[in-house]
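Each of the next two complexes has subunit A plus one more chain, namely subunit B in the first and subunit C in the second.
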Partner chain A sequence: MKRVQFSHPLMPYMLLLPQLAIVGVFFLWPAAEAIRASFYLEDPFGFGSTFVGLDNFKDVVSASEYSRTAWFTLIFSAAVTFFSLSIALLLAVKADNVIKGASTYRTLLMWVYAIAPPVAGLVGVMLFDQHIGPLNDLAHALGWNMQIGVNYFDTAFAMTVIAVWKQIPINFIFFLSGLQSVPKSVQEAAAVDCRSSSRRFWTVTFPLLAPTSFFLLIINITYALFDTFGIIDLVLKGEPGNNPVTLVYKVFLDGFRGNDLGGSSAQSVILMILVFALTVVQFRMIERRVHYS
Partner chain B sequence: MKRSQFWDHVILVLGALFMLVPVVYALMTSSHDAVSIYKEGLQLSPGGHFVDTYKQVLTEAGGFTKSVTGLTMLWNSLVLGLGFAFGKIIISMLAAYAIVYFRFPLGTFFFWIIFSTLLLPLEVRILPSYEIVQGLGMANTYSGLIIPLIASATGTFYFRQFFKSVPDELVEAARIDGAGPLKFFIDILVPLSKTMIAAIFIIMFVFGWNQYLWPTLITTDESLFTLVRGMKQILQVWIGAQIPDTNQAMALAVLAMLPPVLIVVIFQSWFVKGLVESEK
Partner chain C sequence: MDRHCDGSGVNSASHVRFFQLSQWGATKMTLRKATGVATFAALAMSSTASFAATEINWWHAMGGRLGEVVNEISTKYNASQDACQLTPVYKGNYEETLTAGIAAFRAGEQPNILQVFDAGSATIIGAKGAVVPAEDLLKDAGVEFNIEDYIAGVRYFYADAAGKMIGMPFNSSTPILYYNVEALAKAGVEAPKTWEEFEAIAPKLKAAGYIPLAQSHLPWIFTENFMSRHNLPFATNNNGYDGAKGTKILVNNDAIKMHFTKVKGWLDAELFGYYGTGWGDNQKVFQDGSAAMWLGSSGSFGGLTKSTDFKFSATYLPHWASVSETGTNTFIGGAALFAMSGKPKAENDCVANFYSFLTSAEMQYYWHQETGYVPITNAAYELATKDGYYDRVPAAEIGIKQLTLPGGDNTKGYRMGFYVQVRDVMNREYGKIFSGDKSVDDAFQTIEDEANKLLARFAKTSN
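Right, the complex of A and B next:
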């Protein structure tokens, strides 16, 4: 906080009022409602609800479908995070390296950031389409009989490719800015000491990128968990059937399609705990970084 | 040195193509007619139906939607993007100003309440949010579409960081000159924050324009559909058709990506600065 501050009996409250009103009505109330509903069993015809303690959680966790969804979410998140981070890092290192055309490459590699996930999903579905999609033709030429929407693995593959494509730009932007902030003197000193540029990268540059990488790791996990909703919804075309879905998609399916309010809320609360843990880890890392810099 | 640079360029060109080609497919396919796409697949070269296709999706209802034109959806996207960006900036600047520049009882308490919103994204509290907003009679309205999205404190967090970096001497000088808190805010702090406001505006506009889950739930009336929200409808009609209007579907996808992409490319340096700085 500031050393010098204003004091005024009413003004700070008036300044805060709009934000607090919105947070209260559209955040605290629904969040509290989600937690409350997770302990109740809602009558399907809307005639009240009964307190059932932790039953909703037990039902959710013991359902075989939930563990299948959880496993898929884990593998999907790991794949999206790994591939989008490593491709972006490779491209950022190269873009930091070249002298000619550096700014053109930067623009060409970052603009996809602005495309919405469902729009990427629509274009992706068409590229993977069995009749008109060039990616499907390519797969066939390689002897892969790809069937998006029918085959579990093929659908998961398409989701992952689209999600990685959409996520590369933001990782690229952060890695590049991280690389550009590595002091020139450090790079020159390293170049004198070590001729192998790949060893130089892994022993000098990469450790200096660690804070950026860690921050991006959290951002990417959050993205894979939540922001891929639009991609998944489009790839599944609203017909999940036996196809892979993520945990967030399942909250939506059970709550809005299945009308299982208690179950959906219990799943929400489980996700809240997960996000809470991720955010706490992220804040602690940021604090540490500020402390050392 | 020369040799290694060559391979750097090869990798960068491949990377750029990987990002570019899907969108080139979308753009080029939108300039062909539905029958030839159905026969020959997606296209990578320009066709002769560019103007017809875009005129049709922009001005004619029917096809993918029953009652609205692409122009209406474009307008709704614009309302959402701009409304969200302006609303967020105004509300979060005021709140951040109160938090950083005033000492008052409950200040810390309010600070934590506001920042607790950073912990839980909309997706995990989606069902109760929907029920509450619907109960307030805000379903199928612009305010129901925009205001609940503003509840997250990202903007407040960015402005708080920025205000904290503004030198204390400015407040002292303002106080000596007899300027009150309101005058200090309008005459000194807002002009100082110009670049920050611009950067956050770009990020928030793109974020608002690209919203999907919330609009999907809260707008069931087609006249309030945004382009991004319309994507699933478009895909479902496309799947159901005998000879699908792939050109028109791609044209709508291109329209949905064009404004945010243009803004990000044109204001690239502000955007990157805002994005990278705000995360520190």
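Right, the complex of A and C next:
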């Protein structure tokens, strides 16, 4: 690594300051505030609060629904990540092989990406609507008595499909550019050695895609955990009822809908710890297997 | 009641959210119009001698048609006098409006008037010092106040334990039974007064090709008002009015468990339709003519009139004759206006002045006709009667008549903290009963346990 010379010892810190200030104001300070609030039961208007120690955490974890919510979050995140990555990869590989009208296919596959997330969510919700949704009608025609908002599994299914559908285009773009940066010489050399194209893909192309895949894996897990919030909110129409919610959505429900600041803060602290653990796992365990050059 | 009170069908944007797609254009236009009106008003103000008018603002949760009526009321108020200038601001649905009000209060930038819904009333009334009681506000401004002027069902819902009115009731409604007149005629039946009668006629409606019944808000209609209609205690401590400390919910009782066992039976026999917790999803089957009867808000009346092309009418929320022979009055639902504290006397006087304008018989009658919400004063009710409104539209009177039915010890209202979450627990457990995942007994046990835990937690917040 090349040593960069700064004229003044404080200069690098000055350059870092704007970024650090943003992290401090928008992450560290609220995080510290959440940790403090998680030990109190507070009147929403700020008139009184009682220190309750770990009671908020005990109440959260012992609630009958919390484990169901946690399990749903886990399965939902895994399903969304897996399907949006694998379908995007399949589409990218196929689109990469197309020669005639390649740009048309690519544009069509990226189309959804151009739609703003709330609009995409609304379109998805409309497709699954229990009174007028065409996908709902299709399910009924196939003998599946689908009822979004009434049946737990059906709602979970719709959420997953909408979330995957919204995420495929961005994965597709990254995979496609990753595939196109695989050197032609390597591909040709592989083609000489091995006739099976699927074998060539898994032994040569896929490892070369590893940095892209790792990056997308992290992006997609984050997406499934946090950015699906809008889709979930749209599917539930603001009323959770007997429908699946993720841990992040529950923080919002209890804090912003229920005004239970202590309970909501305790949940967000638990979530912070989980995300921290997940990040460590991702970078310690998985990144070691990724070769960047 | 929750978001449903916007019976106009386009409630605070949350009914059927994808309709927003098509509404966005409309909302934008309304916004532009509102801004235009505000700008115009401001211009008009500055060009006259009234630039010294005291400005007050009002955060509300009235979307769609209701929001337009709120703007019209404000325009009328501003035109009626020179001393005060009122600006209404739409803040989203009920929960969003309350949360925005709380955040603003903590930042010291609270509005003069905040509209808070029934389920949030314990939160705002429990926060001692957040609001100036409506009664004090009016008396301080020298406005005559007599709680007896307000109709009986409305009077004490937003009052404290001593009966002092804290929130000024604004949009007040109650659950009533709407029925499709043609559907009932086709099946050769009369609208049911009791659930026993419903059981007798439901198979006939089914045979005539209808879903006999749907409803739009299980916690509000089948729980809170179930208690009120049968004069059953809903919580200890005088339904919670005597304070948050030690208040326990009394929802786990035999009468309501019997009711939900019956409802589950009706659902399985296709005598009842359930479409989830969304207000609009359940109203839709009545609007499109596939359900013969629907339990909704008296405030839905205005919207239904516009959205249906068949003749419909309304009657009282049915009761079980086996539980209560005659049935008692129901609670009001909807929302009230709260004057936030920490404002100068001049502004508070303007709020008081606006309250007297709003509660005048003429304005109440106007609001009643435009929206279907009940008039909150006896004078307004008399005016509507004298004007022959109920002769022309008998169904419009059902809500107010039901609110003024003979009551009992348990029918003036309820006050429980973290109640939005309690309702969420109810909705979840009712969903489990209907999907067959849980027995009625287990579900009510869970509701009781979790609600009591929430109530105990709430009691600790106010220390």
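Things to note:
Here is the rule we go by: the second predicted complex is superposed on the first by the 243 of 293 C-alpha atoms of A that agree within 3 Å, B and C clash if a C-alpha of one lies under 4 Å from a C-alpha of the other, contacts with A are read in each partner's own complex, and residues count from 1 in each chain.
Criterion: contacts are C-beta pairs under 8 Å (C-beta built on N, C-alpha and C of every residue); 3 or more make two chains touch, one makes a residue touch a chain.
Quick caveat, the model's predicted, so the values are computed rather than measured.
In the superposed model, A:V23 lies in contact with subunit B only, and not with subunit C.
Contacts of A:D59 after superposition on the shared chain: subunit C is touched, whereas subunit B is not. Looking at the shared chain after the overlay, A:H8 reaches subunit B, while subunit C stays out of its contact range. After overlaying the two complexes on the shared chain, residue contacts for A:S264 are found with subunit B alone; subunit C is out of touch.
Of the two partner chains placed by superposition, A:A158 touches none, neither subunit B nor subunit C. Touched residues of subunit A, counted separately for subunit B and subunit C, are more numerous for B.
Contacts of A:F256 after superposition: both subunit B and subunit C are touched. By the touch criterion defined above, A:V248 reaches subunit B but does not reach subunit C.
In the superposition on chain A, contact is made by A:P117 with subunit B only, not with subunit C. When the two structures are aligned on the shared chain, A:I232 is found in touch with neither subunit B nor subunit C. Contacts of subunit A with subunit B, set against its contacts with subunit C after fitting on chain A, overlap at residues 119, 122-123, 125-126, 131, 234, 237-238, 256. Residue ranges on subunit C touching subunit A, taken from their complex, read 2-3, 14-18, 20-21, 93, 95, 98-99, 102, 105-106, 120, 123-124, 126-130, 274-278, 281, 284-285, 288, 418, 420-421, 424, 427-432, 434-435, 437, 446, 450, 453-454, 457, 460-463.
In the complex of the two chains, the subunit A residues touching subunit B come out as 1-8, 11-13, 15-16, 18-20, 22-23, 25-31, 33-34, 37, 87, 90-91, 94-95, 97-101, 105-127, 131-134, 137, 165, 168-170, 173-174, 177, 197, 215, 222, 226, 229-230, 233-234, 237-238, 248, 251-252, 255-256, 261, 264-265, 268, 271-272, 275-276, 279. Of all residues in subunit B, those touching subunit A in their complex are 4-5, 8-9, 11-12, 15-16, 18-20, 22-23, 25-26, 29, 37-38, 40-42, 90-92, 94-95, 97-104, 107, 110, 113-114, 116-121, 123-133, 136, 147-148, 150-153, 156, 164, 168, 171-172, 175, 180-182, 184, 206, 209-213, 216-217, 227-228, 231-232, 234-236, 239, 246, 249-250, 253, 256-257, 260-261, 263-265, 268, 272, 275-276, 279.
The touching residues of subunit A, when paired with subunit C in their complex, are 41-50, 52, 59, 63-65, 119, 122-123, 125-126, 129-131, 147-152, 234, 237-243, 253-254, 256-260, 262-263.
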